[in-house]
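Down below are the structures I want you to see.
Across the two complexes that follow, chain A remains constant while its partner is chain B and subsequently chain C.
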Partner chain A sequence: MVDLQALRQAEHGRRIRNGYMWALFCAVLWGIWYIPGTVVWGLTPFVEMYTEVASTSGDGMALIVTAVLITALNAVTVVLALFVWNGVLGNYGEMIRTAKSFHPCSKWFLLASVFGGPVAILGSFMAMGFVGGAFAAVAALLYPVIGAALANVWHGEKISKRAAMGIFVIIAGGITIFGGGVITELQAGSVGWMGYLGGLMAATGWGIEGAVADKGLDVANADVGLHLRFIAELAIWIIIALPLLAIMGYPVFTYAFQIFQPLTILMFVFAGITFGFCYVSWYKSFPLIGVGRGQGIANLYGMFAVISTILFFGDVPQWTVLVGGALCIVGSFIMFSEESLELETLRN
Partner chain B sequence: MSNLPRKIRLMEIMQDGNEYWNYDVIKQAMQDYGFQSDFSRDTLNMDLIELAAVAFIKEVDLKVDDEGVYKKGFLLHKYVITEAGKARLSDACMYAI
Partner chain C sequence: MTQMEAYTAFFESAYVPAGEYVWLFVVLAIAFLAIWQARTWVFKF
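Moving on, here comes the complex of A and B:
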């Protein structure tokens, strides 16, 4: 006699494990993305662009204007990488059907692109430009709290005590990794309100994006939904942001046409693949384990980003990185060890 | 041929509130979209699992596939649409092009 309940439990376990696996892929790929994401700032034409803008508008503004162009170009390669991905999966028909279903599906991905693109990414660069990289990283690490809270209030998503504890321990780990840098940055001098606003935008933007996208993912496929979200983000940068900066007198289009250098293109291809698949993994985890858990595990990107920079740039890690990394791993295990049958349905 | 995204179509097939085995819903959806591969079949089953995870459909019965109607040896699920699923579906279909 076959034990149906044991088979059922095993099937639920597989769904939960797959969800956590996608969230972990997201964290690893996000961490790896920091390699091209960092290298590209030192390449032609961005060095020249930064120098030119900084000479007239200051370093903070130069960072933001350059960041908008880099983010727009990053979105181009992400969209191209996802065309290959969805083509292999045979999803083009589903993409058209989902895009046409604006009210139930694609409007949520359009909204997700606004919160995840101009709000969160721009906010993150504002925090970086006006305060510092460590402050921006810590601010962004807070996003799962917003995502989990919104998903709970709006969708009735179950957030168990164990899941909440895991999220907080991972955030504590991330703060330990970057904490020393934040104190140094805040002590360095006067910090503009633009930096704090940017930090707030990063923390809320990605959290809101998760909850909003999950509303669309209720009735849409994650690979397709994510692709539509990036096409919308690309349109925002190309149709609104870049022309606006050009009107304000910044030479964004002049430099955009100078990117055709082998190393610059190679870095954007690398960035597009890692960022695209990191985001696909993020979206794929939401319907399987929920927004709170998916974002909580994806938050391990802080640790993987530090590992990437240690491995590829030879940065010597401080002891805080080891303590923070250990906390991140503990937090993950707190979440992984949750009883899978509690997650039979993700919502109340 | 359906113009609706897969998950919406799967719920639409079950909208009368009757109980359906997953293989019957999947078979109907495959005909609607002109799908033929095992990969498409498994993708549709994954869509059903995700719909059950967000409580838009609810599992009411189980059996092992002894005859190979879906995949021999696999667990088969019987589902019914929930009130939350019906509400999301009516919202979705009202506006779909």
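Moving on, here comes the complex of A and C:
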């Protein structure tokens, strides 16, 4: 006779393993995204665009304006990559149904696109432009704290002591990885408050996005929900952000039409695949292991970004990177080794 | 500097041989694995 209790436990264990697997896919792909995400800055037309804007408005503003155009174009290829993803999964019909159901679900994805797109991404670039790249990375690493706290207050999501400890150890690892650079940048930053505001926007934006999207994922498919979220984000960049920058006198459209170079297009295609598939994995992990754990494991992207840049760009790692990487691994094991029955119900 | 020179300059010190091409295949392999896992999960139901 089949033991129903044993079957139920086995199915539950599979669900948890799948949740961690998706969060790990997210971290790996996010880490690799830094390769096309970095290279594209060194290609035509962005080198010329940065130089032109910097000559009139300074380096900080040049970074933000160029980053907005790159992010908008990245959103285009993410949407295309997700069409492939959802096509392979046979989800187009579901997409139309979800988009039509605005009140129960797609409104949450629209809201997620606002927090995850303009708020978090723009904030991250502000932190990068006005303080520095390492500060932006550390600020972004704090987003699971906001996400886990909001999911706890809003959805009653349970965060066990072990999960909380894992999240904090991974964040400590990330801070150790980027920490040395932060001190130098904080001393050198000239328009500090804009950078700090950007850091706050990045941490809260992605944290809120996770909690808001999880609300929509109660009734919608993660693959479809994420695709709708990115279509909404693309609309925000193209209909609001880029025209606003053009009105302010920045040559965003002039340079947007100059991207049709084989290598630039190739970089955007690969940025679209890595970012799109990373994001969809992030969303897929939320219903399975909860927002706090999903975001905590996804935070390993810091370590994978460092590994990618060491392997492919030949960056020489400092000792802080090795200590930080070890902390990230310890934090992940603290979370992975949590008894799966502890996660039988994710919410109170 | 041509586009190709600008591109390969990023990978000059790569520890992985032919790093400027290898990373593209690494991405495709992981992306294929992810989409295959997603499809396997969907077709269980």
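Rule of thumb we're sticking to: the second predicted complex is superposed on the first by the 342 of 348 C-alpha atoms of A that agree within 3 Å, B and C clash if a C-alpha of one lies under 4 Å from a C-alpha of the other, contacts with A are read in each partner's own complex, and residues count from 1 in each chain.
We take it that a contact is a pair of C-beta atoms (placed from the backbone, for glycine too) under 8 Å apart; a residue touches a chain by one contact, two chains touch by 3 or more.
Computed from a predicted structure; not experimentally measured.
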Touched partner set for A:139, first chain B, second chain C, both or neither: neither
Touching partner for A:288 - first (chain B), second (chain C), both, neither: first
Touching partner for A:263 - first (chain B), second (chain C), both, neither: second
Touching partner for A:88 - first (chain B), second (chain C), both, neither: second
Contacts of A:148 with chain B and chain C, given as first, second, both or neither: neither
Touching partner for A:334 - first (chain B), second (chain C), both, neither: neither
Touched partner set for A:274, first chain B, second chain C, both or neither: second
Chain C-contacting residues of chain A that also contact chain B: 90
Of chain A, residues touching chain B in the complex: 2, 4, 7-8, 11, 15, 90, 93-94, 97-98, 100-105, 155, 217-221, 224, 287-288, 343, 345-347
List of chain B residues in touch with chain A within their complex: 2-8, 11, 33, 39-40, 47, 49-50, 52-56, 62-64, 75, 84, 88, 91-92, 94-97
Residue numbers on chain A that touch chain C, as the complex places them: 18, 21, 25, 28-29, 32, 35, 38-39, 42-44, 47, 84-85, 88-90, 223, 261-264, 270, 273-274, 277, 280-281, 284, 308, 310-315
Residue ranges of chain C touching chain A (in the complex, touch as defined): 3-4, 6-7, 9-16, 19, 22-24, 26-28, 30-31, 34-35, 37-39, 41-42
